[in-house]
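Please find the structures below.
Look at the two complexes coming up: subunit A is in both, with subunit B in one and subunit C in the other.
Now for the complex of A and B:
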């Protein structure tokens, strides 16, 4: 499944989508950034509730296909702008982390 | 082993928000050289962890990335407080980071273990009160 396909579903909203054609090959869930960096695989969708700017470095360097912010977590404008600069896809959902992961396991 | 290419970065110790900048630029440079994504990923993660450590613990430092024919070498040097007990610092989950750092999602005690995990060679030279130099290598094969 491509990130843009997920962004087009009713349950998700695209905050940034500079690389919508990226494939999602799996899912990683976590909020401790170093832990995520060490374990998330390239092209995973990363589900988190962390919203500070360092999530962009983690997503970029571990090469995840998108960040999914669960529970409608909001981002500061500066984070959104930097995400566009770094070409990082960010989606948002109302669902909590568990239900996001359950949903993703059905659709990807 | 001839030196093919060097990238040098100064890591700003005061600015937590720009932490990761050197790793990001390095990643871009390596991509332009046509190096495989998995090698770049390993180098990027190891370097970012080091960069974050230098920001959290050492008020910044420098990072040098040397691209050789058979490997990429990363040298991180700081003039911070040094590591008292390297063996302890290498244990997953051990951290001296403050609550403030933890609230940003760091301080999980995974930094040095991740650096070890993602590289083929890692050496830590540290003197308390003087600083720390970490050398890492990621082999192409």
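Now for the complex of A and C:
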């Protein structure tokens, strides 16, 4: 499924969607950035509650198709601007990480 | 990083890459804080580089567009209510006193504080990987201190490389002995 398809579903909202046509081919879940950096796979949707600007670098390095912020975690304006600049997709959901992962396992 | 010692490895690697001949690794565990200080005499950074070094999209490596060592150390420290400071003098401006100091303060009672990790293994890894540069390691605890200076080792060893198996083994024993002395009180 494409990132834009997920963004269009009721459970998710796009915060940034510069590359909506990217495919999601799997999911990685984690909050310890250095850990995620070496483990998330290219084209994964990465589900996290971290909101620091460093998440953008992690997403960029691991080439994930999108970051999914669980539990409606909010981002600072600077992070959103940088995400647009670096063309990183960010979606938000009010589900917690577990339920987000369970949902994704059904739809992708 | 799951352990603070991994940050030590990472930052020390920057020092060696900056051409440091001596890197001081100082860990102070006093009261409810852990302070990590990595001080080197490498080429240092210009003010321009210093401005960008905490930006996760900046790096000294050419193969990646982002360098995460310092941003992640800053995040790890700030997550515990602590802080990160960087001081640097570039070789062009300070030909006789150049180098970089990175100082991170962690509050160890904070629930998000990562464990310190295995300092003995960390020091072994550093020396093994960089036998030709010098390191001064100093770990200060409430009830004692542990130290190792490769400059002193080198004098005694008279040309034997520091990454020789027996030397690394000796370093391990020396550090472990100092830690067990502290535990005995």
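To be clear about the criterion, the second predicted complex is superposed on the first by the 108 of 108 C-alpha atoms of A that agree within 3 Å, B and C clash if a C-alpha of one lies under 4 Å from a C-alpha of the other, contacts with A are read in each partner's own complex, and residues count from 1 in each chain.
Keep in mind that, in the parts below, contacts are C-beta pairs under 8 Å (C-beta built on N, C-alpha and C of every residue); 3 or more make two chains touch, one makes a residue touch a chain.
Quick caveat, the model's predicted, so the values are computed rather than measured.
Engineer: Subunit B versus subunit C on the shared subunit A, clash or fit?
Structural biologist: With subunit A aligned, subunit B runs into subunit C, so clash.
Engineer: Is A:86 touching anything from subunit B or subunit C once the two structures are fitted on A? First, second, both or neither.
Structural biologist: both
Engineer: Looking at the overlay, what does A:108 touch: subunit B (first), subunit C (second), both, or neither?
Structural biologist: After superposition on chain A, A:108 lies in contact with neither partner.
Engineer: Just subunit B (first), just subunit C (second), both, or neither: which does A:1 touch?
Structural biologist: Neither partner.
Engineer: On the A-aligned overlay, A:11 touches which partner chain: subunit B = first, subunit C = second, or both, or neither?
Structural biologist: neither
Engineer: Between subunit B and subunit C, whom does A:63 touch in the aligned arrangement: first, second, both, or neither?
Structural biologist: First partner only, subunit B.
Engineer: Looking at subunit A, does subunit C or subunit B touch more of its residues?
Structural biologist: B
Engineer: Mind sorting out which residues of subunit A both subunit B and subunit C touch, each in its own complex?
Structural biologist: Touching subunit B and subunit C on subunit A: residues 32-35, 37, 52-54, 56-58, 60-61, 86.
Engineer: Quick one: which bits of subunit C touch subunit A in the complex? Just the residue numbers, please.
Structural biologist: 1-2, 6, 56-57, 64-66, 68, 71-72, 75
Engineer: Which subunit B residues qualify as touching subunit A in the complex?
Structural biologist: Residues 16-17, 19-20, 23-24, 27, 37-38, 41, 44-45, 48-49, 52, 104-106, 108-111, 113-114, 117-118.
Engineer: In the complex formed with subunit B, which residues of subunit A make contact?
Structural biologist: 31-35, 37-38, 42, 50, 52-58, 60-63, 86
Engineer: Contact residues on subunit A for subunit C in the complex?
Structural biologist: 32-35, 37, 52-54, 56-58, 60-61, 82, 86
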